[in-house]
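Look for subunit A in each of the two complexes below; its partner is subunit B in the first and subunit C in the second.
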Partner chain A sequence: MPPRTRTRTRARGLSAFSIVAFIAAVVLLALFPKFVENPYAVHLMVTFFLAVIMGEAWNLIGGYGGQYSVGHAAYFGIGAYTVLVLLQTNGVAPWWGLLPALALALGVAAIVGSITFRLRGPYFVLASIAVAEIFRLVALNWKSATNGAEGILLSGVPPIVIGGTEIVNFSSKVPFYYMGLALAVLTVLVTVWFQGSKLGYYLQAIREDQDAANSLGIPLTFYKNIALMISAFFTAWAGALYGLYVGFIDPQTAVGLDISVQIVLTAIIGGIGTVFGPVVGAAILVALSEALRSNAITDLLVAGGLVSETSSIGIFLKDHLSHAHMLIYGFLVAIVILFMPDGVLGAVNNAARRRRARAAAGGAR
Partner chain B sequence: MSETDSPILDIQHVSKQFGGLAANSDVSFSMTEGMILGLIGPNGAGKTTLFNCITGYYPPTKGDVIFKGKRLNGMTPDQVCKLGMVRTWQKVRPLAKLSVIDNVVVGALVRTGSVPEAREIAREQLHVVKLAHKADFLAGGLPIGERKKLEVARVLATKPDLLLLDEVMGGLNPAESEDIIQLILEIKQRGLTQMVIEHDMKAIMRISDRIVVLNSGEKLAEGAPLEIVSNPEVVTAYLGEAHT
Partner chain C sequence: MTIFLQSLLSGILIGGAYALIGVGLTIIFGVMRIINFAHGDLVMLGMYASYFLFTLGNVDPFVSIVFVFPLLFLFGAILQKTVINRVLNALPQNQILLTIGIGLILSNTMMLLFTSDYRIISTSYSSGSFRLGEISVSTPLLLSFGITGLVTAILYWFLLKTDTGQAIRATAQDRDAAQLMGVNVKRMSVLATGLGAGLAAVAGALISPTYYIFPQVGQPFTLKAFVIVVLGGMGSVMGATVGGIIIGATESLAGAYISSGLKDLVVYVLFLLILLFKPAGLFGKSRV
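Take a look at the complex of A and B:
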């Protein structure tokens, strides 16, 4: 008899610990705005939720499916522009505007997938970048709809009114906080479902070996398309939320290449092909970029007595650290990728797997 | 021809050209249900290329493949698999970062949408190839002998009618090869049809009902195992290879 320890009792679901931790985290996050009123803290959390949503969405096709799209800005932009254009120039309430936005993202994903999924590896990556650039150029040049490079400045998000009573008004960040939280939780749950589904198995098979997958009865393009459509759907939703939250979009901030890159990094840093990888990645990247952007690090060094604020080093850091943030950010990201090729969560999982394997090998003797 | 002796697989004048190289030229033969056909030939004879043509990995340059009465021209490997014909890879292709059982689950999912059901099928097939004790190991970490077994378990899980095995004994030690031989005979007992590429003549003689010999892309000979070993042309082809 093989030792019992080697038999997996749960089938690719979450561990009891993950489920409890997840529920606890959601409850705490739901209570957060009741206790923390600092708008900066709330703003950071909304940024975090948006990163989680996009990271989780990308993870479906990029992490599980191994199709490294560096063009998800296209879907983000579709979501943001559709909702904001409809609201600002046509007066369509965002909840209605969201429907065509999501439908458009699904349609575009289906078409883009059908064309680009014939390509493999670096060719697919390049094609995905090209597609997003096309959308950026459309946003830039279709001035009558998008207002071109000047972008769209929202004059406000109308309150939700039911039967004459105002249910929600968007004068504070808190409603966005809850929408972000809800959508982030939804994308995590979708990922849990995905991972245990036929679709999830097929995408992972495709990631590991397309020819083998194909020979085992998997129609490659069809399944990649389905995963891309789900991915695009949530990315567009995040784009819509972003546009409404910030109240301003232009081609660079809504369809720029750096959005695509940011999305990919979130998943890679956290750990691709895992449920919580993008959550970890989002937390790290948002914290990192905020710490570098502000003077938080210099302030910390000063507070810790390591550097005097009036010394030349202190002045130098204050002057330059926040400007160099993209450089340091890129450097740190490169370090993580070099030393943890499976991402932070992947590294943790690998260590746990080795420990289990050792325990199992020890038990067998 | 009556319904019962119509062949399960009929290969008609299949040619495959790679630029100036004729990897297969005008190969024809057929298989009846339940048989084991041994496909042999020196290195580079075009055996794997024939598998690729038959399963739709790439289309033959010329010729037709008819499986269960259906012409496969233009079909992709996934469609061919759904029809009931599936192949293993000479150079094994484990889904490295998936567990052993998940590799087999992927195969089983072609017949069911239910993952739990696919896991049941996968578990059975792992028992059949005697790999159940490795179910939760990562496929990428298996030694070659077990990778070959995994290839077989995975294709069995697709519930095929015709199995194409490409050197599943290649690189195995005698004990492991014997396991595979027993496995192939067991699969035959269950009524599946198999085409087996193998270099080990003793093994192929033992398991095959019929043998087709390829040489430089052409069919050199076809017949019962005893006819093949006494065929002077076949002997020359093999000796010729041994001398180069």
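Take a look at the complex of A and C:
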């Protein structure tokens, strides 16, 4: 079987340029809230970080391992619900509540993995969806703990106090910004490590050909399970951060199928099985859905003279397009699958490689 | 005992419509080896088509199927020719993601056009029922079950007795061999998708008098259709028919004896158990 893409099979590790660019980007992002005080901009960045964390986490098992879980909402929900239930009903501070949340995600991933990884291809996808739906139904029906369909509305996140002095106050978005940034950087670093590790190589071998990998003595289920557990760990962490940041969760927004689909899309659109694919995907998705929500696209059409603001079409777009971000996700995934199966980053890399190859051929002549 | 018989009967009646949805999914899978994640959204389109025929044209939902079927058949055929055909040889994961994308486009387009308001079709018989001894039988469900039986009979005749039907079955059995025997497999793929979409829509139209109609109504049907098809055996029409009835009955009994909120949960757990212990289903060959 020929290698599917060159992007996924080239030498591991990052180029010097990527490392410098990454460090520069992290430094700039760390300074960002010092210069930009606009809460909307900070909010957008937190949303972006959350998408990066989930995309990178899914990428470990889905991108490198080729195990397309469309049920990661289960781990996202476990993170969000555990922390928020413990905080709201038992008064457990979130940084303590995070520990059982992450432990629970690890345990559930181990159990779910050992059941569903015996299945392959579409059967695995179906099983992963069924598992997430089971968790959603539990969240919906276990009313005494989760408050059912009404969801949980946080009355506030307590400040971190050490020795009587307040260290972090969660009344602004900035602490969430730094937590999101730190976790996003951590998941990128974990992906870099994963890509070059024995575990990462095993997973890629499994992705390319399960039976060949098995015949070489790689225990399939074991390594898939480890990757899924790491993936679930960070997804649950993102879920906890999301719950605390937004302050409200219900079964649909924390464990719904839409969450699973968005997580997969983030990785697919950017380019699966690459370190920065999910980052690119997250940037595209967050920018697009915010453009829709804020009616920027309609405004653009109006400004461009394509649609009159007072015409019936203009009014219709203003009223409806802001709710239509899932529609755009649908079109995005269809376009990416049909025309850019390696994702946006893959398409850009391929184009760059073709240009270099042409230039090299021209130089040789 | 009355409760048992009562829920068994209503389960079987609703299972008829489930069977049609499952049969559509299994035909598409059989011919193209693609799992259609937009299948429930095709059911949703059938419900809307029936709704608008009823409110605008005063067409009875049960009569509307003669319009809904060709309409959605055409839609499915066009969808296959323009989009799905391009991923026939792609990775199964990419095929799944594409159909998930199609499903998102369908449900959100409907939301954009018609808002997410719940709609109902109130016919003279919508809430009608009659008693059979201790058991009450819902008139619309019984009618829809009867029509489901008729549609299934026509479908079996088509698949078993006509040349086109046999060509579809041959393609499902072995695509390459069918092609060597002179079957136009590309045409069969278009036909199968049209047929699958049409059947899903007919099921949607048949249940439209008893369900709320809204853009997101399809999603649970997609999942249920998978359970049915896996239970019956992927690609087996007979299996999907039986599977639909079994799932309908299971759901209804779980609703009566456990809790109505948890009936779907029972179905998903059953699904996982089948995948693990009898992945070939009741009537299929294992492809796991």
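Basically, the second predicted complex is superposed on the first by the 311 of 365 C-alpha atoms of A that agree within 3 Å, B and C clash if a C-alpha of one lies under 4 Å from a C-alpha of the other, contacts with A are read in each partner's own complex, and residues count from 1 in each chain.
Rule of thumb we're sticking to: a contact is a pair of C-beta atoms (placed from the backbone, for glycine too) under 8 Å apart; a residue touches a chain by one contact, two chains touch by 3 or more.
Please read these numbers as outputs of a predicted model, since none were measured by experiment.
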Of the partners subunit B and subunit C, which touch A:Ser155 in the superposed model: first, second, both, neither?
-> neither
Kindly classify A:Asp211 by the partners it touches after superposition: subunit B alone (first), subunit C alone (second), both, or neither?
-> first
Between subunit B (first) and subunit C (second), which, if any, makes contact with A:Pro219: first, second, both or neither?
-> first
Across subunit A, the partner (subunit B or subunit C) reaching more residues is C
Pick one for A:Tyr201: touches subunit B only (first), subunit C only (second), both, or neither.
-> first
Is A:Pro341 contacted by the first partner subunit B, the second partner subunit C, both or neither?
-> second
Partner chain in contact with A:Ser15 - subunit B first, subunit C second, else both or neither | neither
Check the residue A:Ser312 against both partner chains and state whether it touches subunit B (first), subunit C (second), both, or neither.
-> neither
Note which residues of subunit C are touching subunit A in the complex, please.
-> 35, 83, 86-87, 90, 92-94, 96-98, 100-105, 107-109, 111-112, 219, 223, 226-227, 230, 259, 261-262, 264-265, 268-269, 271-272, 275-276, 279, 288
So, in the complex, the side of subunit A touching subunit B is made of residues 2, 6-8, 11-12, 196-198, 201-202, 204-205, 207-209, 211-220, 273
Residue numbers on subunit B that touch subunit A, as the complex places them | 55, 57, 76-79, 81-82, 86-87, 89, 93-99, 101-102, 105-107, 109-110, 113-116, 118-119, 132-133, 135-137, 154-155, 158
Within their complex, state which residues of subunit A touch subunit C.
-> 66, 68, 70, 115-116, 118-123, 125-127, 129-131, 133-134, 137-138, 140-141, 257, 261, 264, 268, 320-321, 323-324, 326-327, 329-334, 337-338, 341
